[in-house]
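Same chain, two partners: subunit A is paired with subunit B first, then with subunit C.
Here is the complex of A and B:
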């Protein structure tokens, strides 16, 4: 049986354009700044219909034991992440380049406080 | 307030702490002692929170999303916390513990309002019930912090911040359900209609509350009406819904009479404690 279209539905009826779009709330990533922390740290994720509710859900899920003083919620879809499978290309080139670290260099004589 | 009662600030150096909130155990060990009328008043306040907590707990695993399970569960636990304070304090007048009062009183000994006893219904009805109760409770505690009874004032001070969040939670959902689909809007309006008959009972000047209000211990229920109803009207207008025009249900005047639902709620709430008195785990 084919899906009813809007004009086939009697008055007052609703047909979602794509039910899948509305059946699941979007995913949000949660960042919490703890009472002793200087920066927001990724705490986890949650589902919420919109930013205001995401913030409230974050408060319930991630700060209920007095962990936080500040919360950020970010739509997970808005995060551009590096490809976990391409880790080699991204990060390994830093290995073996010890000259990028200060400890590679010997301290010059007569230079104090270095 | 809390210093006057000798409550200790419980904040610690650990990341997870109870903050500076007082606990029912501290309330008891601080030697708070309620007189008969004050205890009866505390019982009215405590029973509302206890029954509503029990009702809300039923949503766990049944809410529309996991996140909402947790939100409603948190609110239920906050309310249970308030009930513990009020019942512990009430119990000091009769040599009873909070558990004695919660689990071993009969149906007609409870003083809860009919509003909090109403069935959960669908999510919208639960939100409607939450909305009314949290607006009422917020206004009540906002005033009760000035009570001449230091213990009631300290409990109200702790509860106020929590019910402010409950108010916000219900308000956010009211706006979203009203502004969602035709179906959600219709259900939200139906939810309001379903609970509205039980709003008026909250403002009845019953005994011993009315007398205690005269001495500054209690808040006169009828004096809460204006602010509560204005707050609700403002939000319902904002949501584009109609203020229900429903005849008030016959109230029980906090005497324990006239409740269809209470017995069923207590059966579930009390069965474990009664089947295994004193059980711990």
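Here is the complex of A and C:
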């Protein structure tokens, strides 16, 4: 890809303000455990005034078809996330370390149960 | 934490003093744009905290919020029939469907919120009439058969439109669409079944089913939007991989699907030009009344005023509930703080 010059770069940027700041009710993230033995998985988000209402709303919004056996609701403001701009550097230490995977070791090919 | 690559520092601003801050902002924008283009080119998903062009964000906020508003307003023509559904079973089904529409609206508002526009702001835009929603919901549901036609044709057109949106380049939108598409297929089938029951009933019932199909066929085809040569935003949306197929391609796909479905119902589609084109491998269909479409979009639809008035009344009448819930939450939080202090 050719390097763009400055005037080719369109206006843009990351989210400047948190939409939750303009909301009457805070934002909650919803996690659903679809069946026993599985982890809770992020399903989506919703607004609710308090934890009890958040749970009820989560039930009505994300489990109308038996999608869940257990629900977590977490205030979105309480989540600490990694910086999206840092993704290259931040996750670099895992790169180039293929010896952490079983496929790295090839000598044992053909040897049963190894 | 932004990384600064030296060779990207070449910001051309001859004769101007570039502050370090402006320099950094320009570099960030350039890096962000490069990464954005890479994501789109490689068919990867853009996520909320990624850099994105403002126009991409604006386009998405407009499209996703419009879609959300459509789900919310779309509850009205059907909700209106809950009390008059012909059996307890039909009533339960219709309530489930209307509840789904509310859910779909909320999934989509959530997706739009990740772009930085709050749900309350979007509610406000709908309330004040600034926001648009699909003009199909400005047509009345006159008979019970219309509920069948809405499910079969209106939800059917929506599904045809929405399945490719599951792969939209913006992650949260795609994920919302996956959830919605799973639920919509029940909507279409229940609609088709209402029409099937009617078309296999008395002569009068069959006629009622036919009239409903006659009323909704044209408007349902128009749900895909104006013809490609009159749809200026489509091309950009496709370049950004928000849209995957053009309006006319999707419309054709829908027509090809509903012809055999209408035959199975024993009903006809009200289009004298509708016929199989062996050469194209598709059904040809007649011109649609775009003049009417654009006048309905502009707000002169049969029920534009009533739909908005009903929404406003529901918002206003429900205000005390929202306020009470917020007041209760504040009081509980206060009490929790108090007892925490006592324990300390």
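The rule is simple: the second predicted complex is superposed on the first by the 80 of 114 C-alpha atoms of A that agree within 3 Å, B and C clash if a C-alpha of one lies under 4 Å from a C-alpha of the other, contacts with A are read in each partner's own complex, and residues count from 1 in each chain.
FYI, a residue touches a chain if its C-beta (ideal position, glycine included) is under 8 Å from a C-beta of that chain, and two chains touch if they have at least 3 such contacts.
Bear in mind the structure is a predicted one, so any value in this text is a computation, not a measurement.
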{"item": "First, second, both or neither for A:56, with subunit B first and subunit C second", "value": "first"}
{"item": "Subunit B versus subunit C as contact partner of A:36, first or second or both or neither", "value": "first"}
{"item": "Touching partner for A:25 - first (subunit B), second (subunit C), both, neither", "value": "both"}
{"item": "Which superposed partner A:102 touches (first subunit B, second subunit C, both, neither)", "value": "neither"}
{"item": "Which superposed partner A:111 touches (first subunit B, second subunit C, both, neither)", "value": "neither"}
{"item": "Which of subunit B and subunit C A:79 touches, first, second, both or neither", "value": "neither"}
{"item": "Which superposed partner A:46 touches (first subunit B, second subunit C, both, neither)", "value": "both"}
{"item": "Subunit B versus subunit C, judged by how many residues of subunit A each one touches", "value": "C"}
{"item": "Contacts of A:66 with subunit B and subunit C, given as first, second, both or neither", "value": "first"}
{"item": "Shared subunit A surface residues [contacts with subunit B and with subunit C]", "value": "12, 14, 25, 46-47, 49-50, 53, 60-61, 64-65"}
{"item": "Contact set on subunit C toward subunit A in their complex", "value": "1-3, 8, 11-13, 26, 28-30, 32-34, 36-38, 41, 47-57, 96, 99-100, 103, 106-107, 110, 113-121, 175-176, 179, 183, 322, 325-326, 328-329, 332-333"}
{"item": "Contact set on subunit A toward subunit B in their complex", "value": "12, 14, 25, 34-36, 46-50, 52-53, 56-57, 60-61, 64-67"}
{"item": "Residue ranges of subunit B in contact with subunit A within the complex", "value": "15-19, 65-68, 70-71, 74, 168-169, 172, 176, 181-183"}
{"item": "Residues of subunit A that touch subunit C when the two form their complex", "value": "1, 3-7, 9-17, 19-25, 27, 44-47, 49-50, 53, 60-61, 64-65, 81, 83-86, 88-89"}
